[in-house]
Amino acid sequence: MIEIQNVRKSFGALEVLKGIDLTVQNGEVLTIIGGSGSGKSTLLTCINGLEPIDSGRILVDGTEVHARSTDLNELRQKIGIVFQQWNAFPHLTVLENVMLAPRKVKGMSKPEAEAMAVKQLEHVGLGDKLSVYPSRLSGGQQQRMAIARALAMSPKYMLFDEVTSALDPMLVGEVLDTLRLLASEGMTMICVTHEMKFAREVSDRVAFFHQGVMAEIAPPAELFGAPKSPDLQKFLAATA
Amino acid sequence: MIEIQNVRKSFGALEVLKGIDLTVQNGEVLTIIGGSGSGKSTLLTCINGLEPIDSGRILVDGTEVHARSTDLNELRQKIGIVFQQWNAFPHLTVLENVMLAPRKVKGMSKPEAEAMAVKQLEHVGLGDKLSVYPSRLSGGQQQRMAIARALAMSPKYMLFDEVTSALDPMLVGEVLDTLRLLASEGMTMICVTHEMKFAREVSDRVAFFHQGVMAEIAPPAELFGAPKSPDLQKFLAATA
Amino acid sequence: MFNYTFQWKQALARLPQMLDGAVVTMQVALLSMAIGIALAVVLTLFRLSGSRILSGIATSWVEIARNTPALFQIYMAHFGVASFGIHFSPWTSLLLGITFNNAGYLAENFRGALKAIPDTQARAGRSLGLSELQAFRFIVMPQMLRISFLPMTNQMVWAILMTSLGVTVGMNTDLYGVTQDLNALTFRTFELFAVAAVIFYLITKVIQLGARLLARRMFRY
Amino acid sequence: ADKLDDIIASGKLRCAVVLDFPPMGSRDANNQPIGFDVDYCNDLAAALGVQAEIVETTFPERIPALVSGQVDIGVASTSDTLERAKTVGFSIPYYAFENAVVANDKVEMADWEGMKGKTVGATAGTYEAIWLEGQVKEWGEGQFRPYQNQADVFLALSQGQLDATVSTVEVAEANVKSGNFPGIRIVDKAPMVPDYVALIALRSEHGLIDYLNLFINQQVRTGRYAELYAKWVGEGEPADLTIKGVYR
Amino acid sequence: MFDTALSANDLIFLAKGAGMTIFVTLIAVFFGTVLGIVFGIFRYQVGPVIAAPLTFVLDVFRSIPLLIQLVLANAFLGMVLRLGLSGLTVACIVLTLYTSAYCAEIVRGAIESVPQPVRRAARSLGLSWRQDMTNIVLPLAIRVGLPSWIGLSLGVMKDSALVYVVQVTELLKSTQILITRLQEPLLLLMICGAFYFLISFPVARLGGYLEKRWTHD
């Protein structure tokens, strides 16, 4: 369970998160939508402790992320995250990309890590690209590799930050299919996305962020069907 | 009139144009469609002599482009060309971009060139951007500026090479509108494009290139309505 | 603590002479840059020309300039060429040596910069009817100079520092030469060279600041 | 312990010597240091009962080498000016030079005043360079160029880059004789006060300087001074190191 | 071909000078690189404000002629501190710091060239700062920094010609000594220049080749 309690965060004078409260249950798929600069990415990077927060608390399975005593490197193994782009380590092959963290962080043996990596890469449909360098992959394949890499750490939660926005329209489908697959397997996920159709289909709940505030949160049918705030109405109209 | 007679062109071992025959009448709008690498861009750069040809002839108003005796710099003033991207000279303002060639090539005085430039920029709807640098323009505005820059040389022919392919979908419309305007004014144009709707609306004839060969040429209704060759059928199906 | 008594007054009393030297240093460096840039453009054109001979000349120049010590180049410009009966004054030898070096390094920079300019730029220019040289002059070169502006600033700093090598060819009017002359008279090595070091440092800062302001004025795009 | 003790204790005497200044210092065919100053240093080391180590310096660099502790003393034909004595300690003179004007054969020059308006040069940091630069300033015409070492000066003179130079008579004669520098000739004596040169040590090392003074005295007394003169300079009388009408 | 008085002995003498050039260069490049990496990482890690004093000092090494640095260091260490170091030691110290000043810039630039999201991805997988540095940043930064570093090393070799001012007889000084004796400036200078060129040119080419190869993928 991920609990976000009254989290505030500023960059200099700019307040990016203005008191966010949000709880994600195990097995839930939550999507976050909202305009550019509304604080979606910032929230994700706060959840796995890449960014410090100014006040409030974030608890992952009851552990406070930003407490001094928390071993972040250990906590992060629970939380997989995939960004919009630049996810691949360009100097490593696809297989090495995926094996790196299991070996270095979990201390797996080479054959063990390799078996795990192959399994996850096959899971996302890249079983035939093991010894290729990322520069040879399409953008969609790179993103799927990044997903496999995160899955190789056997995370309990997965965070996705607009993983399809930097892709050619042709390649968006394959990545969303992978996310769908994960959702269907019961993974707990938070997905920031601009793909409304995807959000509607896959999510248990959809949250709408606006200027650092979570303006609305509801199951997709309700949120898309009967948007309450004028901001959301405007946003939906613009993206339609 | 542009006459292309049995033109062949290779890059090293790769034959890119395999004997093209094509005549474009004054006032005609011809669009060229075809898959990637089929030789469309190469043909355009051969027409204004940027690339040499291996055999055959290209005549522009009866002047042989690739003859030794032809003054290419003079001939090119007749033929405006706009590429897919990188058209803007980034170190010059919009006005300076357009004034450069009239001043340096035609030897116009500064006020004369300026008047011409302002006129053409207003024509493409950039009358309010005169002293701005191209980096401040959207992609669509940059392309329109490039069109104005070509028009400022009072060309008789205009060649367009996928001028909208590098643009955000939002910006394609404004550039196509400019092309439509030119067509309606009776400019002789050759447009390489992937925008089938545009090709259908604006062209007098559409040519389909496939692997260095002009596989089909016909008025749009005929070409799109009843494509003869299987290659074209496949191509149209894929782009639909 | 130290077993040495500083005599800063002695050194500071010579400040006016050293500042005169600084002016000469600046003159040589600026001139060598101006000529060096012009030569580097020519070398770049040579390398683009497609002519074997011209690009051979340019390449040899660049490689020798980049692969031998500047001190060697300056020494060569004075004592080396004199073996052929060509005599240059120390000032000229220093200028030639630094200019040779500048042109070589800048030409290499320009080559890198050219790679960063898409060739559609030149093509677009040619399509408008500009001649090859016009396209280079009005479209490619300004962009090339902008991309290489920072390397050019660094080269300018280098040129300033290189003037200190003039003493090996009998130069005694530049900042280093003046300082060395004063040192011969008084033997206050540390104080004199410390003052010279401060002046050199300030000169390079002024140049870097000036370059930044210049860049802001010149490159508004 | 003072420097003198240190030298004796270390068993090594490091002398700064200028090695492009024949006959005072130069290198033989094996590039080993030789010359009057080299022998002088060896004699001194022998007297101290230590090993001599010759450290080559240029004229401008001999004081920094001394003051920075890289050498113990300088046997480097250092002129004993009052300005310099503010910084380093001088012994009594161990040699005295007369200076000659040397010109390129292609340049017409009858006597030293012929240098007026010409391009002249000398070795940076030397007595004659300071004098010559002063002369050029006084004349208000012509050009003065200091080179880093004596060899560069004669090279430039021989190449015709310089019209004339002033150097010690010994150096001038040695260089003209050697044939290494074709196309040069001795024109005239330079009208300078004889250039008394002294050994140098750190200003504060009075014990060492006293020792040096006595050593120089002994060299003259024992005839070693004349012997070295004969060996390196040639026939004739070595310069008188005493000055009439004044103590010391 | 040349009518020369140059003997085998003299060639050995030159070779010794060349050996000294190479020795001084290797020392300076080795220690300068180690220091440069430390300084570079430090500057990157603590940010511009805290690193300002270090930045200033390193900048001084890049803003003052090496000749003056050598003379001053020599005078300061010897006259003022009276350390009694040999000229060779002083030359190595100064060249090392000089190298480190440039190397720190290269290191910082190379680290900055690693895209932030790549490093975030690494940390998100649970890699520690050290693991991120060694497994991700180092291999990527080397590709960016190595060509400049090769250029720097060659630069140091060429600049080492200036250590003659602290009584170190390196190649160019050896050449001058022979010129004094043999009076064949052109021939000797050619030999000297050729030596520098023959070391520098192939290495520079290698740098260019690596740069091309690595920027490709």
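Letters A, B, C, D and E name the chains as they come in the text, with residue numbers starting at 1 for each one.
One rule holds for everything that comes next: a residue touches a chain if its C-beta (ideal position, glycine included) is under 8 Å from a C-beta of that chain, and two chains touch if they have at least 3 such contacts.
Being a predicted model, the structure only gives us computed values, none of them experimental.
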Starting at subunit B, fewest touch steps before arriving at subunit E: 2
Contact-linked chain groups that survive once subunit C is dropped from view: A, D, E | B
Chain whose mean Cα position lies farthest from subunit C: A
Chains most often in contact, by C-beta pairs: C-E
Mean-CA-position distance for subunit C and subunit A (Å): 53
Averaged-CA centre spacing for the pair subunit C and subunit B, given as whole angstrom: 45
Centre distance in Å when subunit B and subunit D are each reduced to the mean of their C-alpha atoms: 81
Between subunit D and subunit E, centroid-to-centroid distance (C-alpha), Å: 36
For subunit E, residues contacting two or more additional chains: 71, 75, 79, 82, 179, 185
Two or more partner chains touched - positions in subunit A: none
Subunit D residues counted as touching two or more neighbouring chains: 64, 67, 152, 155
Chains grouped in pairs wherever the two touch, ordered by label: A-E, B-C, C-D, C-E, D-E
Residue ranges of subunit E touching subunit A (in the complex, touch as defined): 115, 117-118, 120-128, 131, 135-136, 139-140, 143, 217
Residue numbers on subunit C that touch subunit D, as the complex places them: 3, 7, 78-79, 82-83, 85, 87, 89-90, 167-172, 177, 180-181, 183-189
Touching residues (chain side subunit C, partner subunit E) in the complex: 2-4, 63-64, 66-72, 75-76, 79-80, 82-83, 157, 161-165, 176, 189-190, 193-194, 196-197, 200-201, 204-205
For the subunit E and subunit D complex, residues of the former touching the latter: 7, 9-10, 13, 71, 74-75, 77-79, 82-87, 90, 164-167, 169, 176-183, 185
Residues of subunit D touching subunit E in the complex: 19-20, 26-27, 29-31, 55-58, 61, 64-65, 67-70, 149-152, 155, 158, 180-181
